[in-house]
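Note that the chains are named A, B and C in the order they appear, and that numbering of residues resets to 1 at the start of each chain.
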Amino acid sequence: MWKYIVKRLLLMIPILLGVTFIVFFIMNLTPGDPAAIILGDQASAEALAAKRIELGLDKPLIVRYFTYIWDMLHGDLGLSYKNQLSVWDQVIDKFPNTAILAIAGILVALVIGIPVGIISAKKQYTVLDNTSMILSLVGVSMPNFWLGLLLSLLFALKLGWLPSQGMGTGFVALLRSLILPALTLGTGSAATVVRMTRSSMLEVIRQDYISTARAKGISEKQVTKRHMLKNAMIPIVTAVGLQFGQLLGGAMLTETVFSWPGLGRLMVDSINSKDIPMVMGATIFLAIMFSLVNLIVDLVYSFIDPRIRSQYSKAGFKSRRIKV
Amino acid sequence: MADTLLEIKNLKINYETDDGIVEAVNDVSLRLEVGKTLGLVGETGAGKTTLARSLMRLIPSPPGKIKSGEVLYGGKDILKLNEHEIRQIRGKDISMIFQDPMTSLNPVLTVGEQIEEVIQSHNPQMKKEELHESAGDMLEMVGIPRDRAGEFPHQFSGGMKQRVIIAIALACNPKLLIADEPTTALDVTIQAQVLDMINELKNKLHTSMLLITHDLGVVAQNCDRVAIIYAGEIVEEGDLHQVFKKTAHPYTIGLLGSIPSLSEEVERLNPVNGMMPDPTNLPKGCKFSPRCQYATERCKTEQPEIRDIGNGHLVRCFMKEKGNE
Amino acid sequence: MSLAAQKRSLWAETWRRFRKNKLAVVGMCIIIALFVIAITTIVIDLVTDKAFYNDHVIKQNLRLRLQGPSKDHIFGLDEFGRDIFLRMLWAVRYSLFMGVFAILFSVIIGSIFGAIAGYYGKVTDNVIMRFMDILLAIPSMLLATAIVAALGTSLVNVLIAIAISYVPTFARTVRASVLTVKDQEYIEAAKALGASDFRIIFKYILPNSMAPLIVQATLGVAGAILSIAGLSFLGLGIQPPTPEWGSMLSSARSYIRDGWHLTVIPGLGIMITILALNVMGDGLRDALDPRLKN
């Protein structure tokens, strides 16, 4: 098993290099001279030329890329154009806030998604099932920033129960300020998880081994827990993992709605002020986190499913990611 | 006559779907005797599996629905038991071996866990080590080394999986074993081994058996009595001699005619012509009449009753009515 | 039966199954209605040389700002006193056409990559699919944001950003169906008859990928519209005063205390569109491949 984990980690390296290169490449398409952005319009031609060399802009793209990666491995993502502060420090400073939000969001998705999906599958075609299917369709179809606006309109402005802006300090205040953003971020995922759980449960319910289990005389609760859920869990874990990645990437919108001081909002602010190193640093950081989450999901996956576990302990494997 | 273990009386089961109502089991009555094996023979879709599952109340519902009838076991009607009572019977008094060993074991639990599960559910007082111990015993009984208990189903071959399933079915020493085509999905060479083992264990444990199959050869080797089912109805029932040597129903004759014989020179086989009727649209009168070469006008309009033509040999055919003999 | 007749009956059969799903049919009607609205507003702009647009959709009327829904203005007026109903209608074209075009673009690019990867296999397959894996390793919204951030906010750049982030999905879909049909006998037969690779891919293999592709594309348009609205909401998409649902929501944020209708209505527009596309996509999937239904 350890061999497998090490192998997976090694295989992450080309993916991460690819991801960082794509982001690096895209960000370098930006029109405009970075030196001019830093020094302003009044700078002299010599000063601009000197700044360009200082930034390494005279070198070819690929060299600059590897320099960037080398620096990144040493905790250096360059300096922000806006305030000349370390991008790394700002990213590290904001990331925990995004992580808190994303974890809270995924908890919302799990707590709602899995039980509702199970009940829906076990009571297929009943009123309960139809209701939850319609609600989950609405859930996946709702733009989450709109849901965020509606929630703050209702719970913050009309009822005044919860804060709608910013992140509270202290445990209770933090929790209170987290509720609306987490619901906003998690609802779409909850709906996806409901649909996924239901369909994978329905898949399992029809299997012969469920009849075998029932024929043993064990309780229906045991059948559901030990036999259905354990098998249905495998695709559900994948879905949840992918959702978590999407939440990290999609936190921008929710963070903007609720003025949540996370990485996503830092990115949006930096885009508006054309602070390229900041945008690049934040994007690369989030993309790496996303890949790591996917890796963890794959590993969890192989722990649940003995078939995959033994398949990998025997032979080599091919990258096997599933996209929703 | 031996003691009755289980008696099915006028059982009627429908599947109610969007495309219509399927009468899967229609007015079936059968009696299982202690220690004996009853063979249930029929084509795919004749209602064999539905009948078998109904004895443990394992019919998927919806769409399955038990319309009427009784299944008497130990003086009680299984169909009227509550969820708790039926669970006491499942796995302990009545066990079932399912058709396809490849899909009948849970892929994410070890075979040991799957055997322990049934033992534990009927012996909740047993400790963990005892459970391990008896699961291991069961594995050995079906010829699998006990140290393989920690392995997962995908590490076993088809025949081995079926042995594990047999171990699960026999773990609580049931009084009745329902074997639903236990060898159909296996290689021919393994089939005999598995059947021999089932037989041997059944005799050792004094278990009665309902053996479902479409293979008359299997019946001849393993059963004491045999019932032939066609389109949800029993068309002929009797002991081996009666059904094989004094065959009375045209369908049974057809089934026997479709088996090649090694001892006789046969020009060509005589299979049953035609197909099973559409289950949502069964013919009026005798269900077999469209395929029956002896069918008369009466067969097409009137449903024959099943009747005893002597010594418990039951036949559902107008040809065997007293007047016609 | 001739091949053409068989084909026709396949689509007829699909349509028959699709029609049975009431929800999906309602979804399709909504989408058709939205297309009609989009085209009508474009025609009005062309005929009146944008006079109507300038007078009623763009022109501010601060005296009436933030007025709630009334008989004259069923959805009320926005922060600049513009009629929200008309702005909603004029916004349809951006969401709908941009979503459709972005997905059309990624379907084409993705199909080409997927077909080549699946058909040629080996190194070609590996190179293309590993590249797709890398694109997939970046959350789509993040990728789109990065592209717009670099290229600048314009209609075309948003389109490119969304299209690129969807390419891998379609490449995978097509590759998977190519792999399933590649080794079937009629392909062997075509090869034996000397058909070129190009002909085999376009004539025999891609038509077999149509069913999953249509379903994925329908759901993809829904996702693309959400992304476009999201980008506009962040100020990275379509810029005011052009009416677009996402940017209408963005400007409504500042007036959330003053008029609920500013926030509720554009979001409803997005949601109904996405909902319609989703139920239509689900219906298409069930109709095209009944085995998948549960």
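Remarks
Here is the rule we use: a contact is a pair of C-beta atoms (placed from the backbone, for glycine too) under 8 Å apart; a residue touches a chain by one contact, two chains touch by 3 or more.
Just so it is clear, the structure is predicted and the values come from calculations on it, not from any experiment.
This structure's chain pair with the greatest number of C-beta contacts is A-C.
On a Cα centroid basis, the chain most remote from chain C in this structure is B.
One finds 23 Å separating the Cα centroids of chain A and chain C.
Between chain A and chain B the centroid-to-centroid distance comes to 52 Å (mean Cα coordinates, whole Å).
Remark: chain C residues 130-131, 133-142, 145-152, 168-169, 172, 222, 226, 229-230, 233-236, 246, 249, 252-253, 256-257, 260, 263-264, 266-267, 270-271, 274-275, 278-279, 294 touch chain A in the complex. On the side of chain B, the complex with chain A involves touching residues 53, 56, 58, 62, 83, 87-92, 95-96, 98-100, 103-109, 114, 117-118, 121-122, 152, 154-155, 165, 168-169. On the chain A side of its complex with chain C, the touching residues are 14-16, 18-19, 22-23, 26-31, 124, 137-138, 140-143, 145-147, 149-150, 152-153, 157, 199, 202-203, 245-246, 248-250, 252-253, 256-257, 267-268, 271-272, 276, 279, 283, 286-287, 290-291, 294, 319, 321, 323. Only residues 125, 207-209, 211-220, 222, 226-227, 230-231, 234, 304-307, 310 of chain A touch chain B when the two sit together in their complex.
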